[in-house]
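In structure tokens below, several structures.
You will see subunit A twice below: alongside subunit B first, and alongside subunit C after that.
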Partner chain A sequence: MINKLVYATALVTTLAAAPAMAELKVGSIVELSGPGAAAGTNFRDGVKMGFEEINDAGGVLNEQIAVTEYDSQTDPQVSRAMVQKAIDDGVYAIMGTVFSSSTVVNMLVARQAGIPQFTGSEAPSITSMNNPYIFRTAFGSQKGVPKMAKYMADEMKVKKVAIVWANTEFGKGGHTSFLKEAENHGFEIVADIPTEQAQSDFSADIVKLKGAQADAAFVYVTEEESARFLREARKQGVTIPLVGETTLIGHKVIELAGEAANGAMGHVGLTPDANIPAMTEMVEKFKAKFNYTPDHNAIKGYTAAYALKCVTEMVGEPDSQAIAEKMHGLTLKAADCPGVLMDVSWDETGEMSRESFFVQVENGKQVVKAVLPPN
Partner chain B sequence: MAELLQLLISGLAAGSIYALAAVGFTLLWQASQTINFAQGEFVMLPAFFVLIGMTVFGLPLWLSIVFGLALALLILGVAFKRLIVEPMLPHGTLPLVIATIALGLLMKESVKEFYGATAQPFPAIFPQTVYNVAGASVSVQDICNLIVSMLAIGSLQLFLNRTRTGRCMQATAQNPAVAEVLGVNVKRMVLYTFLINAALATIASVLISPIYLAKFSNGETLGLVAFIAAIVGGFNQIRGALVGGLLIGVIDNLSAVYVSSEYRSAMPLILLIAIILLRPQGLLGTPEGRTV
Partner chain C sequence: MTRSRITLLALAIAALVVAPLGQGNYIIYTLCSWLVFSIAAMGLNLTLGYAGQVSLAQAGFMGIGAYITALMTLNGVHWSLAAFISIVSSFAVGLALGYPALRVQHHFLAFVTLAFNTLLFLVLRNEEEITGGSFGLVGMPRPSFFGISTDGNLPFYYFSLVCFLLSTGVLWWILRSPWGRAFKALRENPIRAESLGLKIRRQTLLAFAIGSAFGGLAGAMQTPLVQFIEPGSFALIHSLKILLMVVVGGSGFFFGPMLGAAVVILLPELLRFTEGYYLIIYAALVIVLMVYSPNGLIGLGQKLLEKVRPKHEARHDLKQGVSL
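Moving on to the complex of A and B:
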């Protein structure tokens, strides 16, 4: 009995004396269920792949990154609770959420705790609240929509526009941004059609669109709704240009809408079809690992992981406060931090800026029509 | 006029599929006096069975549909009855209702886990050809969906009213004890009801998935709309479910254009409240008393 006690004590002492496996905790809080699961899963997988690569290459500051996943259930209140849980678990940075309606709610918790948060959301309101801890991984619509509206005015010579938008925080952001740009470019808004999240039947919306006699339609709904919208538009013989953001012409939309996606066009911040070798390589690795083609949300998650790595190493320690301060006004060059794929900058509000693309879907592929400079 | 025609045709096509799902509510109500809150997921799941048949086993579409139907009959019909309904029913209606809610969650999360969270394209079983009829774009798919749904519900109605088995099923639904005394094999009749529900769910799934896409969460909206359709039409009448489904489909489309796009999803709920207040048994339902 005494011998057993001695051995046990020796074992415990030895284990306690051994150096602990150091690790840095990151929370990945995304929409893994509910209507946002498609976007959230892509973002989560991008984050996962990014940090796995980082860990395989030695981690950050010689420490491994432990990513804990939390499901926001596409519910703002649940997302808020999950952000709090991640903070209680000791994370030093947060990835997500993607849906704007969740991010506007949960970012207040991260702000209170002083934890930097890399969001995939695009609603303008997110970076207009003077939150020093929020950072985008894609353009807010107030950045993307002006580029697109300028292209519509200058290149497409559009005068009368119909707007089809999702009646969500995300959609309202795009809607507001477009109305502002429409005023700047003198567009006449001939139809303003809100739609519901997870809407299945767009026949009535297309009927309204057809009756509006517009030169073009600005379509700002999420991916799966975009696919259903494009199919119905094709069925009812809509011939005007359908212009949107990544959510109208992303790869998932093209896969779901099939031939109906051909002809749709718009602005994308990140496209696997851009002629950028690092992007192509990332997409191929992602496809091999997860067995599906990543959309822009996966690329957002992947680049966010590398942005956090590079900034943490620039700061020299996993200090949440110092990282948030460093991010403001920072430019990460792809040459120095290859995982960000393209040169990228963040301003004082956490808004990001980089080159982007105007693309059109032709034969089921995004074809880059113009490279748009950062704004 | 063309606009109205377009809205009516699209509304009827969508409504006919709501009706198929709504019939499931009425069937199970009659068979087990319970509400199957997993009915939306019952319609969601067979599409994935078909996709598994095509992608995993490399079967052609029609054979995959047969494969999907067989799996649906087995899982949503036989297994649902044996593993959930039979053990839970003796404990009362409420535990069974809660069990169906849990089953719905299980089915949804399982599809998400094993097949993925993103929507999947589903092949159309009818041609995508579109014809111009009096200015309205009418697709062969919409018309075929409407016809197949009507045929399925009509055949069911005929089967229940004109065949010996159908009448035995009705007798079982109305009073199982008396039916048994009269020599009806009650257990078998109840099983038939569950099998028919599984078959109808498969038909609805195959018809709706090319348009709605196959996604784990499809059952959420569909189940709710079908539930409302069943109440509006009359929960204890198959023809009520049909009328309720078509009505909801048409009202949804008309209200989006002529009332407000923003409040279109409120319209079926307003109709539901009105029906509950003015005609609780539904438009075609019959008043039904139960001891509690």
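Moving on to the complex of A and C:
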């Protein structure tokens, strides 16, 4: 009888322990509700697809990856709860978040636990906090804006610029670095127009913009606001070039703004329409799976999944600490780690660099005008 | 207070002490959030449930407390002093705002407080040199008391629990003092209260300012809890959230706000499995509750209890009336 009991206990323990042994856990903490839902859902789906492919191909170090999703509700307080939960659940790496206020909070907790975190945020402040566990999946806006300003000065021959920006952490980051670049390239700022997050009526802003007589406008607001802005600009017949970052010409924006998005241009770190076969293939797979065109956030999530896979295999074990150390100063070549889609490197602060594109929207599609080198 | 009530209270406190033991950081953190929001909601309950005034600025008062505490603790001042100043400032701002605002009542007061909350949000965001603007303030230290640090989540929970119990005690005392009786008299029948010699305006103002001071304390606790504050955390939507806590729990009931805070914080978590639908379900539940029981969950509980509890039966032989 006792023997039977012992066997039974042993069997149950093995069965219970077996799945835990064979799985590596990754937490995906993103904005699935609240103002960040559009960006967060893209990022989440990218991460999901990346790890599903990895699992189908045999996983990481022959172990399957179990991704758990957490909703930050675009609220830093909730986000901190979620990152605690993920760490309690025993994740060895964290994907997300996209909005920088949540990322800043999550970084504190992830740092205490020593868990590497792949953020989709582009706010410059994130990599200036000496946090050894934070890694970007797209370079910070302080890098994007100089590339774009240079293109505006050299190729578009712009002299007078109007700036339209969102009065948020994200918008201010872009605004500050654009002003700095404007000085470098000798642009004259003829109008400086701050807008609100979740603003729905841009008619007054457009009137100001039209009155400013600028050669071009730099538009730095988040996706949904960009779409409303573009629609209003079209309605009032704005003819000057509207130049921005990914947030002005992302796929979500093109979808929401419709015809009004045509003609808008800007610098994007990642575009589904870049002429890179791996990227095109990823985008096709994504469309087939989720029934919508992925934007840069989806690609960030997807490449983050593969970056984690490759680095884990380079380290040889799912050791959070060793992975974070390995990432600093690392260059991943697309030839060695195809899932990252383009060559990418991280510096000592977790900042990353990669080639990027200057694109214009034509007939509802991003068309690449120039490839800008990494900086 | 009856003996059974004292036993129940002791059991509840014991449960709160034991609750986080053996739990993961996430649960402990969520419990801390619940305690913080309970304090804010208790303050609003005093204004709304006892004095009958609708305030949409409770998150604004939390913001005042949070920013004062953050700025002071970042500059090396101890949390307890910072928290004291936060509470006093919120009280003072409550008085200053309430004095002109309480000339109007009910939904007009709601508008005035709504405007105040929005204004405060804009000030916090635009005064970048002081408040860090939309970048917020980050890295506020958690306090230590008598050499015991609250850096860990468990010590921080007990620290929050002590603050929570203290403020519950203070509120209980206020409600049983002549002030508390006056607040209730105001809510029930202001004209009668005035005819009995109560100064309506002074009492409402006091209820409003004390309620705001509770908001200030909640803010002072949120700062070391999250260790990051930004203007967005104190925007109007959060005032509405606190209002929802009070209303869902049962405004005018002592334990209403605590129950409401638990529901508002935990329900989204429990409904997470429904994925994209949880906000819809959540909203629908709140609407159904409000239609069926405007007194919130505690009111609902009482309603159900009354149905189950045997009713007092009238003596049949007295139906006809007593005849001699």
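Quick note on the criterion: the second predicted complex is superposed on the first by the 354 of 375 C-alpha atoms of A that agree within 3 Å, B and C clash if a C-alpha of one lies under 4 Å from a C-alpha of the other, contacts with A are read in each partner's own complex, and residues count from 1 in each chain.
The rule is short, and it goes like this: a residue touches a chain if its C-beta (ideal position, glycine included) is under 8 Å from a C-beta of that chain, and two chains touch if they have at least 3 such contacts.
The structure presented is a predicted model; accordingly, all values stated were derived computationally and were not measured.
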When subunit B and subunit C are modelled together on subunit A, clash or fit: clash
Which of subunit B and subunit C A:K172 touches, first, second, both or neither: second
Contacts of A:E122 with subunit B and subunit C, given as first, second, both or neither: neither
First, second, both or neither for A:E351, with subunit B first and subunit C second: neither
Partner chain in contact with A:A204 - subunit B first, subunit C second, else both or neither: first
Which of subunit B and subunit C A:E181 touches, first, second, both or neither: neither
More subunit A residues in contact [subunit B versus subunit C]: B
Which of subunit B and subunit C A:E245 touches, first, second, both or neither: neither
Touched partner set for A:Q73, first subunit B, second subunit C, both or neither: second
Partner chain in contact with A:S33 - subunit B first, subunit C second, else both or neither: both
Contacts of A:A227 with subunit B and subunit C, given as first, second, both or neither: first
Colliding stretch - subunit C into subunit B, listed as 279-287, 297-305 or 315-323: 279-287
Subunit C-contacting residues of subunit A that also contact subunit B: 33, 167
Touching residues (chain side subunit B, partner subunit A) in the complex: 3, 6-7, 10-11, 14, 109, 112, 116-121, 128, 130, 137, 139, 211-213, 215-217, 220-221, 252-254, 256-257, 261-262, 264-265
List of subunit C residues in touch with subunit A within their complex: 24-27, 29-30, 33, 125, 133-136, 138-139, 153, 222, 225-228, 230, 232-233, 268, 272, 279
Subunit A to subunit B touching residues, read off their complex: 32-35, 37-38, 40-42, 167, 193-196, 198, 200-201, 203-205, 207-208, 211, 224, 227-228, 231, 235-237, 252, 255-256, 258, 292
Complex contact set, residues of subunit A against subunit C: 33, 71, 73, 75-77, 80-82, 84-85, 87-88, 101, 104-105, 108, 125, 129, 167-169, 171-172
